[in-house]
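Two complexes, one shared chain (chain A), two partners (chain B, chain C).
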Partner chain A sequence: MLDAFVSAAGYMVGNPMSFLLIIFSVVWGIVFGAVPGLTGIVGVALLIPFTFAFDPTEGMLLLGGVYVGSTFGGSISAILFNTPGSPEAACTSLDGYPMAKRGEAGKALGIALAASAVGGIFGTLVLMFAAPPLARLALEFGPAEYFALAVLGITAIASIGGGSLIKGLIAGLLGLAVALIGLDPLTGVARFTFGNMMLLTGVSFIAAIIGIFALAEVLQRFADGPPKGEQMAQVSTQLPSLAEFLATKVTLLRSSVIGTVIGALPGVGATTAAFISYSEAFRWSKRPELFGKGSPEGIAAPEAGNNSAVGGSMIPLLALGIPGSATTAVMIGGLTIHGIVPGPMLMQNNSDLVYSVFIGMLLANVLMLVFGLRAARLFAVVLKAPYQLVGPAIVVLCMTGVFALNNNVSDVAVMLVFGGVGFFLKSYGLPVASFIIGLVLGPIAEVSLRQGLILADYDMMALVTRPIAGTLLLLSALSLVYGIWGKLRRPPSDGPGNAQPEAS
Partner chain B sequence: MTQLARHHLRAAVAVAAAVLTAAPALAADYPSRTVEVIHQYGPGGGTDRFIRAIAEPMQEATGQSFVPISIAGGGGVPAYVTFLQRPANGYTLVSLSPDDVINHALGRIDLTQVLPLVRIQYDQGLLLVSKDSELKSLDDVLAAEAASPGGLKVGVTGSAGFDDALIGLFNEKAGTELATVPFGAAEMVSNTLGGHLDMMYEEYGPTRGLIESGDLIPLVLFSDERLAELPDVPTAKELGYDVTLGRWRGFGIKPDTDAAELETLVSLFRDAAADEGYKKVEAESALQYRSEFMGPEEFQTFLDKEIETYSQIMNQLGY
Partner chain C sequence: MLHKLSEVVVFAAMTIASVALWFTADALPVSRRYEQVDSDLWPKLVFGALALCCAVHLAQKVAGLIAAPSGGPRSEDEAIEAYTPDGYYLRLVLTGALIVGYFIALQYIGFLLATMIFLWVGSWILPYRNTLAKLVFAPVFTILLAAFFSYGLSLSLPRGSGIFYELSQALF
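Moving on to the complex of A and B:
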């Protein structure tokens, strides 16, 4: 392994082009992540034709850098404009934007950037040193385990809204209900599509979150009238002080571990990692009441989670040749076009390539710190403009971005509808976080439960008695009971009628 | 922000132009801009990769891009509907495969609204097990099924699609009751390797790495003849079960497209399918054996026959 490492390092030093490519790809990735609707997947897919001009190793460095850059990039627009540029950044909006609104945009971006780098480097180190055992662990995860994991995340919906149990449940169940729209994933029967062919794919997640966050925020701001003294003009991107950074160290570590493991699971990626990291950070936080109002932990958790999922999702790609996420699926396409067979033999047959990618991803994470600051400053200039100009510009950008995603007008319609949904949720004080968690984790829970039941010949006990699944389900149940008990003991302050036991 | 994006876009366009202007133009004014190819599968999947690979020589010949547009999900209907909404100006193609034929047979879409243009690939699939599986041959599968019918679970991709039709046809011929469970392509592999699924159905290309490393063992091939790459894997046909269905890949276009443009496209595809670089990509997935280029007339005849075949199969399967 050391030989391979040294040889790969030698290759990179003897090939200055590779450094240029990494710099280019990180910047490219940050931009694609930050501009709503462009997303990292599109960034990677667009670059695949250009990798023909390079050798496979350079090509993979290019794609890996974009992946790293775009996962952070999404948080810039999520924090500054409440407009998650890509799905994995949706969670970062929940606390990043409130903090920015307080006038601490610089601190929010700094936390996001530092957490991204920590998560990204953690994920890459695990990828370098523990890919084969972690790939084997991922294989232990069958449908029952996916289901239990999703349930663990979903149990947070009741409590995460920072107050009302019932409001959390309403929002979460609405999210779960919206996730049912589309073709039944197992039997192919249309559900709640009302004869509309384009709804068969289900509600496009990216269109929905852009509507819920960005459009609803613009509506809200215009509904509220001119801002009363809230200023974001001061947006220097200072990294958080060491003390502030150390305050989130437990969250960072927990989220990095969660992100890496979830990233390593095929079929679920950075978005799921971000949300589960967020709900776990909330569950274990000493100050859960700050979540949704600009909690530093609420920014650090999803960013460490989604960036460590980048390294994690490379694990099954390099160890088994199967993609751990949608972006790595595109990367596999890039590899095969170069005549490289992705599979367990890759590490032996192409060790130079694999280890160069490791080094490249570490470098990309460091470069991200450098360029992330610059990019954030560039984006933040927009905040100096009056909101009467910025608001409409955000709407236009969201519409074009969502359209460009699939050249599909119906996605734009979905976004507009969800702008209304977001506005409605806010007006009634229903927590957006719960709604989105239902939307993200609902389909995973549904599909894996039904797959698991088919595999177990519809024996429910066989599902819950599996060690990993059983443990996760038990944890969910305990935390639910604990949460409700806590609510009953100290009723939240924001209104009567919150602590009703029948809501469980 | 937009400035930065525009800057990159401009740089990308400049690079693309520099690369592409080197090639001579084939047709006078068509194609004069990007041609989009709508397909119903995920980015990075077999069809997406196929389009990118066949597009390479075509881009060299024309200087224009041919880009895959993935509209995944919904059993392929949204992709097809999107195609139908596009104008018949020669700049939108749709990928065609047995999944579309099945959708037609089930009445979800109407294939008479599309003109079959060219058929290029004809793949062949395998039943695969994990190396730790107790099933070592098709005989083991049949014995296990005889002992407890419906006990074995086969991972497939898509619901009520091509994979289901093939397994259903095999069940019919072999008297088994293999149950299919739909998964995403990657989860299907991890669930098979992890022992959660008994078997999986997949083509050779995507599983080649895992077959070569010995992690996945192919039990049976669905084709007319054995593959040179897998000389020890018997075909279902030689074992007495006549199932040779395979996934083919081709393209369709709006029927009222300009005739001269159709000519140009067909000849572009014909040249691209014979291109050395593309042939290499094809050979990596053992696709060269059954793939035979078909122009519009041949493809139409082939398609009509496929519609008949799959209508009958889906009928038998009770859809």
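Moving on to the complex of A and C:
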């Protein structure tokens, strides 16, 4: 391993082009992450043809850098405009935007950037040193374990209730209900489509979150009337001080571990990692009442989680040849057009390539700190423009991005509907966080429960007593009890994620 | 008071809708192969729980209304929730209608014209004195965005239909 690492480092040092490619790809990724609807997948897909011009290692460095940059980029627009640039950044909006509205946009971006770098570096280090054992662990995950993992995330719904347990449950169940729309993944029966062909494929998640966050925000702010002395002028990005950084060390570590493990699981990616990291950060926080109101932990957790999932999702790709996320699925295309077959033999036959990618991803995370700061400053200049112009421009950007994603007007219609849903949730104090958690984890929970029951011969006990599944379910039960107990101890007005209409 | 009443109406509607959707799930086609884990298993769990939660919340709201029919003393959160600035609903309807209008216009008159008109009209909903900025921003933003998507990323934008399609073709 050391030989391969030294050889790869030698390749990188002797090939300045690789550094230029990493810089370009990180910037490209940040831009694609920050523009709503474009996402890292589109950024990677658009660059695949260009990898023909380079050797396979340079090509992979290019794609890996985009993946790293885009995962952070989504948080810029999430924090500044309540418009998640990519699905994995949706969770960052919940605390990033309230912090920005308090006049601490720079601090929020700094926390997101530092947490992204920590998570990204953690995930890459795990990828470097523990890819084979983690890949084997990922293979141990069957439907029962996926179900238990989804339950772990879903139990947070009850805790994130904005002071009202019942409202948290209602919002979460609404999210689970929306996730039911479309063809049943097992039987192929159309459910809750009411004859509408557009709904057969289900609700587009990207369109839904952009509607819920961005459109609902524009509607709310225009309905509230002229802005009265909003404190969005201070926009210079600043990394958190050492003391602030150390205050979130437990959250960062927990989220990085969660993100790496979830990233390594095929089929669940950075978005799930971000939401589970967020819900666990809330559950174990000493100040849970600050969540949803601009808590630094609420930004650090999802950002560390989704960026560590980047390294995690490369584990099954490189060690087993199975994509851990949608973006790595696209990256397989980049490898195969160069005649490289990802899988167990890759580490032996192409160790230079694999270790160059590891080093490249580490570098990309460090470079992200430099270029992320600059990019955030550039985007933040928009905050100085009047909202009378910025608001409609956000609507245009969202519609254009969502349309361009699949060249499909029906996705834009879905976004409009979810703009209304987001406004409804805000108006009646139903926590958006619970709704989104339901939407993300609902399909995983349903499919894995049903598949697990089939495999266990419909014996529920056999399903829940498998070692990993049982442990995860026990953790869910304990954390649920802990969450409810904590909620009962707190005064009823405290609570996270409660998107109350702000009387601005 | 109006907000509390609207909450009662909304959660009553949600309770009824959840029950109706539970029955919709019950009526889904039955698969013999997956009889014990059929398409209705998860939806029934979700809608059953949703109906229950909505009914409990509805009961709490109705009990609150009966206890304090005139609105009664409100907590700070309830006061914020119920607060609506002057002209709130008018601006809400105008903005909503404008966004829906833009969506429809995109399909008929294409991206360039629809976006320019939308940005111009949108900038007039809230008071803003700088008329020059309003006039200049719309065309500049539209052209830059169209150039970025069409030439920078080679992604297509809505081109409208009929004569507007021809116009978009000529402009792109």
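The definition used in the following text is that the second predicted complex is superposed on the first by the 485 of 504 C-alpha atoms of A that agree within 3 Å, B and C clash if a C-alpha of one lies under 4 Å from a C-alpha of the other, contacts with A are read in each partner's own complex, and residues count from 1 in each chain.
Keep this in mind: a contact is a pair of C-beta atoms (placed from the backbone, for glycine too) under 8 Å apart; a residue touches a chain by one contact, two chains touch by 3 or more.
As the structure is a computational prediction, the values presented were derived from the model and not from experiment.
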First (chain B), second (chain C), both or neither touched by A:Ile454: both
Which of chain B and chain C A:Gly142 touches, first, second, both or neither: first
First, second, both or neither for A:Ala53, with chain B first and chain C second: first
Which of chain B and chain C A:Ala301 touches, first, second, both or neither: neither
Which of chain B and chain C A:Thr187 touches, first, second, both or neither: both
Touched partner set for A:Tyr428, first chain B, second chain C, both or neither: second
Chain B versus chain C as contact partner of A:Leu109, first or second or both or neither: neither
First, second, both or neither for A:Ala34, with chain B first and chain C second: first
Partner chain(s) touched by A:Pro323 [first = chain B, second = chain C, both, neither]: first
Chain A residues contacted in one complex by chain B, in the other by chain C: 38, 46, 184, 186-187, 397, 407, 454
In the complex with chain A, residue positions of chain C that touch it: 7, 10, 14, 21, 24-25, 28-29, 31, 33-34, 36-39, 41-43, 46-47, 49-50, 53-54, 56-57, 60, 75-77, 80-81, 83, 85-89, 91-92, 94-96, 99-100, 102-103, 106-107, 111, 115, 118-119, 122-123, 125-128, 130, 133-134, 137, 141-142, 145, 149, 153, 155-158
Touching residues on chain A, where the partner in the complex is chain B: 27-28, 31, 34-35, 38, 41, 45-46, 48-50, 52-53, 138-143, 182-188, 197-198, 200-202, 265-267, 316, 320-324, 326, 329-333, 336-337, 339, 341-346, 375, 378-379, 382, 397, 406-408, 451, 454-455
Residues of chain A touching chain C in the complex: 38, 46, 163, 166-167, 169-170, 173-174, 176-177, 180, 184, 186-187, 189, 191-192, 215, 218-219, 222-227, 386-389, 391-393, 395-397, 399-400, 403-404, 407, 409, 412-413, 416, 419-420, 428-429, 442, 445-446, 449-450, 453-454, 458, 493, 500-503
Parts of chain B lying in touch with chain A, wherever the complex brings them together: 1-2, 4-5, 8, 12, 15, 19, 36, 42-45, 48-49, 52-53, 56, 65, 69-75, 77-78, 81-82, 153, 159-161, 179, 181-187, 189-191, 193-197, 205, 208-210, 212-213, 215, 280-281, 284
